[in-house]
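Written out below as structure tokens is the structure these notes cover.
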């Protein structure tokens, strides 16, 4: 059998694929964070909680209303997005003129409340969310058994990431967004309702988190804890990527997913540290991040 | 030309940058179809006047009426919809947007704007570069783009801040010709200009600013009589 | 000798809002109240009172509360004590204050080992009993080659090491291990490594959400269908319920109590269900048993004075709806029979909460460390 | 009446007020153990010192660290290990804990001060998470059991800390020394430069100050003092566990400071007492603590940004202005 | 205003740059700039907005790293030196937007600048009283700029013009060899302009001053040498008379509507 670094090439490929799947979640989450940060200058600490919220909304839709996975895929981002819009209107919009740290602290509080509420009502051991029948089972790829659902997650996340990227890079709404990132006052002087744009952006970022949540539900337990540890890793991803570009956030997400996947094979004990170690190295070599512009 | 009420009337306009008091009671009027130039040395408050009219400076007092409507209370993004377009001093071309995207960025606020095709007819070299990032253009092209993108929106009035600044003489001529064309189409223009020679060719009237105030106003015909004063104030 | 302050006050101190809230949580408090009611509400003519607090998994909050309970609120005993850091801290205080504590919610063998207390008792299970139950018995059932997925800290190691000992002593062998960091969310990589090892049994040396997620993802990758068995070394009914049978089917685990085990346990389980709308897991049930036994001991001693009650607790056998063949060793460990179960498939399950298929019984003296092995210094006295 | 004299008047008022409060506070703390449960008081003092140390960084240097649990919990481990395993006397253990925390602060600060604002916060968070994982996996911390049964020992070989009141007055003394040290640092020539850096970093650079070194210095001092608080706590409670190195703990100290008043001397002390008191109360109330904590955060940020002490001063200023 | 005869006894060059260049993401803000600042001179840097004047300041003071080029201060190569170190070597700047410490008193603003020598900046164990010995010098500086009446006020409460004066006073506290002033007169009233002008003139006697200024009257009146920039490059250099006669300068900056 062919070997790479002492392990069979097939296992190696399998692990790469698994890393890519994790990278999909990192990419989707860091993308949402980057979109929000880019325009609002708010580090959305509640991003992890909104991801968890998305998974729970999916679960509740299923158990209480009998709404299954496919409609939930549309409904969940909508609901979480509307939630984001409300949060932005009621609270975040009051904080823009202040030090960005207040945005961070507010969303931190929000994250605690969201997590606390779900913990209180649904406990912590998690709730089941079955893989939709259409995607049940798996495919033998020769080098590994790939659960169909995971294949779908990779595809879906690629679609979402590049869809968002295209939305922002290729459409009129996107050109408002990008222009407003550069010079919000001027764009507003042109007659664009920038405050509304900010609201929608936060909504969009939240919706992305919610979507990641419902995509994650059939893989991970739907649990109030699912977001809080993940978010710190995603922060590190964002620091590594830098806040320069949407594409940067996406690419870094996938890259670090792969790096983590490889660590899980060669030195699994450190797989939770690898992202942080990469972060430290990047900070030393390129303080603005891989894709970031000088602040 | 000066019979009806002015399209833009500014009275007693004060403005501050933080604690720096930049405008000390500016009064001026611009009538429909006119081209009016604000003259003055660096730092007297010409740019500030335009920015205050647009609402880009929050800390302001006084009255600004446009087309009979009070602009003081409008939120920033509603001002443009009254029919005013702003071409800032630093041009405000967006680096992350292509020429095309820059061009269509400002929303259309009224009927009667030019189509993209018409604009490209007017600025053939922009058409050539329509897919390059906005800030890759030369300074002159950027200036044209900054003016061009306001033409699409159907505004009645343009506020132009030093459109010839840093531009080679040939381009300055082209811009002069453009302003003449716009004027023929009935556009009202409030121009801020350091380049006195250029201003004297395009303007119908002048206001002279000093220390955050308008100190004189006169039509182009009086120019020869005013040269002494201008010499003193502008050093020209 | 009589009842101090005219009443018996038992404090249930556990995690009610944090990561272990499902383990015991509010339900343990409910179980304790049931025990008091079943006992008649009075012991030796004195009223019995249950109070509870949420220690939020913080040992300092727990110690603070424990001290305050003992010093100013006349609490006579503290029970449940989820998570080992809290249990050890409170056991230390109880020892210092000469008060009784009965741990049902923590797994560490330290409680009845080096850090044992003459007044401290460990009721439901510990890492050793889990290891013996699942490790030893599964080998006898034919699962003789193992691969471990171990969470990378002391708890994981001790589960894995103790299990290894029993696997090997029963003639099985361990083919390998992958250690992963606590709080990982994706286990597919580790499971793939386990899968390709070809071991018959994959031992999950972890707990809580980690275990749930590994089982769920193992199902996704078709590991159980592929013929390997999953042995969850610390997993309870509440979590099986949370996971659902679809994902959990086939998992092998050890519990000290299962509601559908016999008539007595069924009767208790159903009464508990009526009050809480859920079946008790082994921790909640053990809290019921611990409270009951404590009250019995007071009754027998005729006083709630610590030494006397502890003496009774050490000498009385435990046999109730929850525990079978229980007896308390000198180190405070209550040894009793443990049971090996396999999670049913959805098809095998015929009613609500019908989750387990019985595989084997592990007698108490095998399941738990003897007092000589425990390393407890007071045990020898 | 000019604005100047008003301000002077209110500055004097607030200085006098502060001294009066300090006097009263010390007095209250001296008699407190006879009225309030001592272990609770000691815990409060430890956290108050922790919050003050944190405030040294946030309030007076303008740096929001999301990783201060590392120093608090890390020092607790070092002290507990030294005292329990190596048999060191408590005072030596505490000094070791402080030194260890300072060293951790040096490493974390080295990376973090390369970025500003929210990046700084995110980097400290990530690095402290690394330290958390280290503590989980490293054998010397004893995993989730924690280092238990740390002996309190004899202070300087003479004072038996197992006596509750002895322990209390020792904690009080250390607390007062710690807070005095912070007060001294803030009101020192060095503190002056820190303030000027916070007010206008570029200007400070142009005056020739190596801003990065000053920030790092402040970071290390804050870390060492946070460590002092953590070490003390390890001796008081006789254990060191993972709880104190989690990121939730870092969040908690932010909450204490924010609630009490960022950049005030007394604020963090009051904030810490409130949060600790609240946690205790909620423990038996059945209301989930995280929700309460989160709500306080949100309310503070939205309408109560100056914190309790900050708002209090603002009131006083206003009143002084009216007279 | 008679142009001084510079060729006769040319004072020594204290700050010089050769081939200075700075790119911003593909955009060249400053290119091929040579500049020499001489002891005892007041040197003006003028040019249209966006010409790169502030960028040149940032490069000279090392707030920005040059993409290429070489900078020398008092004979030392400082191309790779940190900004704080450059300041300690005697090159001190002011900022375009007034740079003071708004919540410190006027006196403290000056004392912060005086604190660094003697290690008074790092002493975290001493009380603020340690700074008292700086007070006389600080007061002297404040007196020299006419701010002594405001010593106890918060700097943020000063009027715009007086803030700039304060900023110059703190700058002088460092006793710099070279002083870089970015638009020192911006936002000042007539009276303040006169005060600051004479202040600058008096401090320039034994040091070099490089200033960006839009007010041509001030420039004509005050400056010994003028460098005109346009679009990142030096367009012309010379004394006011020479420069103001230069056609290119007229076109680019002063305007050409002559007579």
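To keep things simple, chains are lettered A, B, C, D and E as they appear, and every chain counts its residues starting from 1.
Following the convention adopted for this analysis, contacts are C-beta pairs under 8 Å (C-beta built on N, C-alpha and C of every residue); 3 or more make two chains touch, one makes a residue touch a chain.
Since we're looking at a predicted model, the values are computed, not measured.
Taken together, chain B and chain C share the touching chains A. Most remote chain with respect to chain C, judged by CA-atom centres, is B. The chain with its Cα centroid farthest from the Cα centroid of chain D is B. Set side by side, A-B and C-D show the greater C-beta contact count at C-D. Taking the mean of the C-alpha atoms as each chain's centre, chain A and chain C sit 37 Å apart. Note: centroid distance chain B to chain E, computed from Cα atoms, is 33 Å.
Residue positions of chain A touching 2 or more other chains, listed in rising order: 116, 119-120, 269, 272-273.
Shown for chain D are the residues that touch two or more other chains, namely 133, 137, 288-290. Residues of chain C found to touch two or more other chains are 17, 152, 181-182. Residues 172, 175-176, 178-179, 181-183, 185-195 of chain A touch chain B in their complex. Within the complex formed with chain E, the chain B residues making contact are 17-22, 41-43, 89-90, 95, 135-136, 139, 162, 165-166, 169, 194-197, 200, 211, 227, 234-236.
Listing the residues of chain D that touch chain E in their complex gives 3-4, 7-8, 184-185, 187-193, 195-196, 199-200, 202-211, 214, 217, 221. Across the complex, chain C meets chain A through its residues 17-22, 25, 152, 178-186, 188-190, 192-193, 196, 208-209, 212-213, 216-217, 220-222, 238-239, 241-244, 246-247.
By the touch criterion stated above, chain E contacts chain D in their complex at residues 61, 63, 82-85, 87-88, 92-95, 99-104, 108, 111-113, 115-116, 120-128, 130-131, 152-154, 157, 170, 174.
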